[in-house]
Amino acid sequence: MNRTALICLLALGLLAPPLAAQEDMAEEKTVEKRLQALEEAMAGEKEETKSSDWDFKWSNGFKLSSADGQFKLKFGGRIQNDYAFYSADDELEAVVGSLGEGTEFRRARLFFEGELYDRVEFKAQYDFGGGDADFKDVYLGLTDLPVIGGVRVGHFKEPFSLEEQTSSKYLTFMERALPIEAFSPGRNTGIMVHRGEERYTWAAGLFRDADDFGNAADANEINLTGRITGLPWYSEDGSRLLHLGLSVSDREPTDDSVRFRSRPESHLAPRFVNTDHFAGDGVTLVDLESALVYGPFSAQAEYIQADVDSLDGTDPSFDSFYVYGSYFLTGEHRPYKNKSGAFDRLKPRRVLGEGSGAWEVAVRYSTLDLTDASITGGELDDVTLALNWYPYSNVRWMLNYVMADLDGAGEADSVQMRFQIDF
Amino acid sequence: MNRTALICLLALGLLAPPLAAQEDMAEEKTVEKRLQALEEAMAGEKEETKSSDWDFKWSNGFKLSSADGQFKLKFGGRIQNDYAFYSADDELEAVVGSLGEGTEFRRARLFFEGELYDRVEFKAQYDFGGGDADFKDVYLGLTDLPVIGGVRVGHFKEPFSLEEQTSSKYLTFMERALPIEAFSPGRNTGIMVHRGEERYTWAAGLFRDADDFGNAADANEINLTGRITGLPWYSEDGSRLLHLGLSVSDREPTDDSVRFRSRPESHLAPRFVNTDHFAGDGVTLVDLESALVYGPFSAQAEYIQADVDSLDGTDPSFDSFYVYGSYFLTGEHRPYKNKSGAFDRLKPRRVLGEGSGAWEVAVRYSTLDLTDASITGGELDDVTLALNWYPYSNVRWMLNYVMADLDGAGEADSVQMRFQIDF
Amino acid sequence: MNRTALICLLALGLLAPPLAAQEDMAEEKTVEKRLQALEEAMAGEKEETKSSDWDFKWSNGFKLSSADGQFKLKFGGRIQNDYAFYSADDELEAVVGSLGEGTEFRRARLFFEGELYDRVEFKAQYDFGGGDADFKDVYLGLTDLPVIGGVRVGHFKEPFSLEEQTSSKYLTFMERALPIEAFSPGRNTGIMVHRGEERYTWAAGLFRDADDFGNAADANEINLTGRITGLPWYSEDGSRLLHLGLSVSDREPTDDSVRFRSRPESHLAPRFVNTDHFAGDGVTLVDLESALVYGPFSAQAEYIQADVDSLDGTDPSFDSFYVYGSYFLTGEHRPYKNKSGAFDRLKPRRVLGEGSGAWEVAVRYSTLDLTDASITGGELDDVTLALNWYPYSNVRWMLNYVMADLDGAGEADSVQMRFQIDF
């Protein structure tokens, strides 16, 4: 090996790395290009994702939300199809009318609702049962205001009664209890301030008595209604709690005309008790609410008293209450919606397929006395046995056996069931 | 070149590769980082995709589905705007009333429907035509049950008649034929089991006669209706098939009151034949169905007989049938929905823009005799010529020329057209 | 250092690069694999994105669009909840009836609309105010046709009046002015061709007088209505413009019965002027439109004349006009929708939170004289002061103070406000 060769070898040795590096660079270029391509594509993805930074899904309602959480929108509806079968004393039917079998769509609703800009809320909900578009929740409002919490304007439930504030989707029995049907103002058109926290809620509003479509023309009367609730006892997971509440309403009857009435907790039956219209220029309603959840067992009771300033000066006073117990055979507990001070949607532990869904049994006693002073509206006592099956959290089959006893007239039994879905 | 220099050179030669490698490593690090960044981003993408694993699109309806196929939801509606022009014999108008020009929204519907958990189905469909919310399909049910297939509760079509089971969106003519309008029970409220397979379907249900809103209070009567259909001949692509079907219905008229009547296959015209109410405590309906698809040509015919147990013992029996042929000038064939035993949505081979859409011509003969025993409801014969244009699968323009002949009274001609879209 | 050692060193020097390269290759393989994995994943993403190439979001309406821009769909609604308080002369109330306080849902609408295949348009919009489903825009049509622009069939606004063509969501005052309420045909069922460009629009259509649900049975009369508008002066950003327009309508009253009437720009009040029905077989309406936008200031005026061919030959002629000015305290300008020749949605410069939303003040004078020839419908003059707050582009609070003067009867004042949201 001569020096020249050696130098050549050395030169090669020196050149080798740059040459190899050059090859590397060529490869590196490919990698570089591909990385760039990927990074650009990913950036494009990101931008696209940004431009459509909205999440849409169905989860007991069609739900759309923005990634930043500022916008939450939802739409959907519910269907309740009822079937009822009656057996009644002839004396009773002579008083209240005949009770035939029947079927009806108890509720058939569609709704759109949303929370916008983290600050605005709205809801538009209509019930097509019976063929007209009854206005249910139709309102707009501001949320998260200091002190008052939220302010709402439009047509919605006056803040009165635990059973009333609980959605008809989540009721334990097919119908609300006698005191609620007879006295609770339900939905009207007005303005309300309301605040809901973990352990308490309060709400107060001014309302006009409105027709089924939220309208009240040529109406000067104003009703003032307020509600306060609290949870003196509450376990973290909500499986044990005690709810106490007080609702009051000071009402100016339209045209000084007062009437209270009720069906026997069976909507396909006629009204069993009825004061008919009588003259009065003021009504005061007081409702004491209580509910206990203790694991799968729960109990609930409300007492409502209605004092009337009647024009004839006799000032009748009516009272009523209900009490019920419920037990989930499959171990669930009744869920409570803290911010509303009301009960919420049940989620079966094991839905149909995984298991048999959730099964609940319940019994209720209700009593309503619409006879006082010169008013003879009648006195009604109801005992209801209930069996509820929840195959999924949005599907329910309810079976109720109602025994109604109209004082001085006789008894009527109803076997009724409901097929329910909300979507 | 001395040894020292040589060694230096060698040392450089030896160092070069590691140095180059170091540079490589530096670059490699960049690549590494970038790859990691990309991989993380991609993983994030995947997770995001997972968290919103829902597909939403419009395809003749707003459609939402979950990636696992367990949830399929859809909402949308239809609009049918009709225009009719009449020319009638004076003698006929003296009998049935005057026939003026007119326009109407024949159907104006919105719906929400879904299949949930691979096991639950629901639909909420309302027709706002005329201003009230007529209940159309409003039901819930379970699907894919062993043997019985599915069970459905609520308001929907009784399983009767091929033409009735075919959606009004897909009818060949603007109105269903005389036998269907006069005798088919349409939608009512009840419960049904139903199974649909590739080559056959059957369904049977119990129904209460319900009002337009699905309700039937104080109603003890029950109707039993069943249907069975099959495809004795069926080509894979559905372009050739023979449908045979039998529908029967055993009915208890509400309040023992029976009435059959029909317009002349023109909805803006008055009813030409009408038995008026008469006393009967039972009706039996039998419907023989047949349809043939042979490429662009199709034919369809049904024969319906109604036997009444009238209280006067004369037991009248009415019968009627229709037969029609249709031909697609643009080569399509009428699509058949195997699981329903009915016809389905036409998809033009070439939509407007690509081509001229689909064009169909058709002719129908219908006859209905409502005169028998002591009942003189009249006898009506209709011949209808039809031209349909489908620019897209969800848009349709229909032109019908109806020649109606009321036995013993005279003739009336109608030129009517429909603008239709479903979304 | 001997030669052997040297050669060994050299050999190492020569081998080093390939060895390093080999290591590189090993690493390169990993990079290669990872790149491939990423590229495949990205391709998968792309395909997935393709399969669901739809963008869904909420932006003053639920909006769905396809990536290729061929499909644009939207659904949502609006709520307007009004409260009114009145003070009126006794003499006036003796003539028009009592004016009580009240609340109502002025509008409560849901809609679905879309543009399909870049060629088809449809809209289905219903107003549930009052409980029935009033048909608003319910139509289908073709767009982007040569020369004529678009053709539309169904129920929609006849092309008449600037104030009428402007959506009720965007009106400056709670109610449209007296001339519009008394004479504008509003929505009817028919067919229209229409074209809208940057600087001009024109439209012409044939319509049947339809009921609230778009229907007109036994109606042979046809109305012909047309409108042409232009922007002789228009700045690029729309902040300065002059709109001029002419609308005409040649009408055949149904059953030769004519009636014009109007409330005092307050919807909870009774109608103050009313010609009652009188016999006439033709009406010609002419409307001169004008509007000026000059930054935050805008002005608008319309003059409408109605000439009647009365059957008694007296041929009364009524005229009316309104003029108003509006000013945005927060600096916005009224936005104009060029393709419609009407005003559009206001977007506050700084929404609530960022700022205080947009604030607008306005004043309007309207006059309507329904007394001429043998007709004594009355003469009404209105002055309205308005304050509008737009916290967001889809939320609005309106306060109107209306002073109405019914000639020869007296005055009535109304304080009224509206809470509005559209979604």
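Letters A, B and C mark the chains in the order given here, with residues in each chain numbered from 1 onward.
The rule is simple: a contact is a pair of C-beta atoms (placed from the backbone, for glycine too) under 8 Å apart; a residue touches a chain by one contact, two chains touch by 3 or more.
Note that the coordinates shown come from a computational prediction; the quantities given were computed from them, not determined experimentally.
The chains touching chain A as well as chain B are C. Although chain B and chain C share one sequence, what matters here is the overlap of their interface residues, and that overlap falls short of half of the numbers used. In whole angstrom, the spacing between the mean C-alpha positions of chain B and chain C is 34. Across the assembly, chain C contributes residues 6, 10, 13, 16-17, 20, 24, 31, 35, 38, 42, 45, 56, 110, 132-133 that each touch 2 or more other chains. Listing the residues of chain B that touch chain C in their complex gives 3, 6-7, 10, 13-14, 16-18, 20-21, 24, 28, 31, 35, 38-39, 42, 45-46, 49, 55-58, 62, 76-77, 79, 81, 98-105, 108, 110, 128-133, 268, 351-353, 391-392, 394-395, 419-421, 423. By the touch criterion given at the top, residues 1, 6, 9-10, 12-14, 16-17, 19-20, 23-24, 27, 31, 34-35, 38, 41-42, 45, 48, 51-52, 54, 56, 64, 66, 71, 73, 75, 110, 112, 114, 116-117, 119-120, 122, 124, 126, 132-135, 138-140, 153-155, 189-190, 208, 210, 212-220 of chain B touch chain A in their complex.
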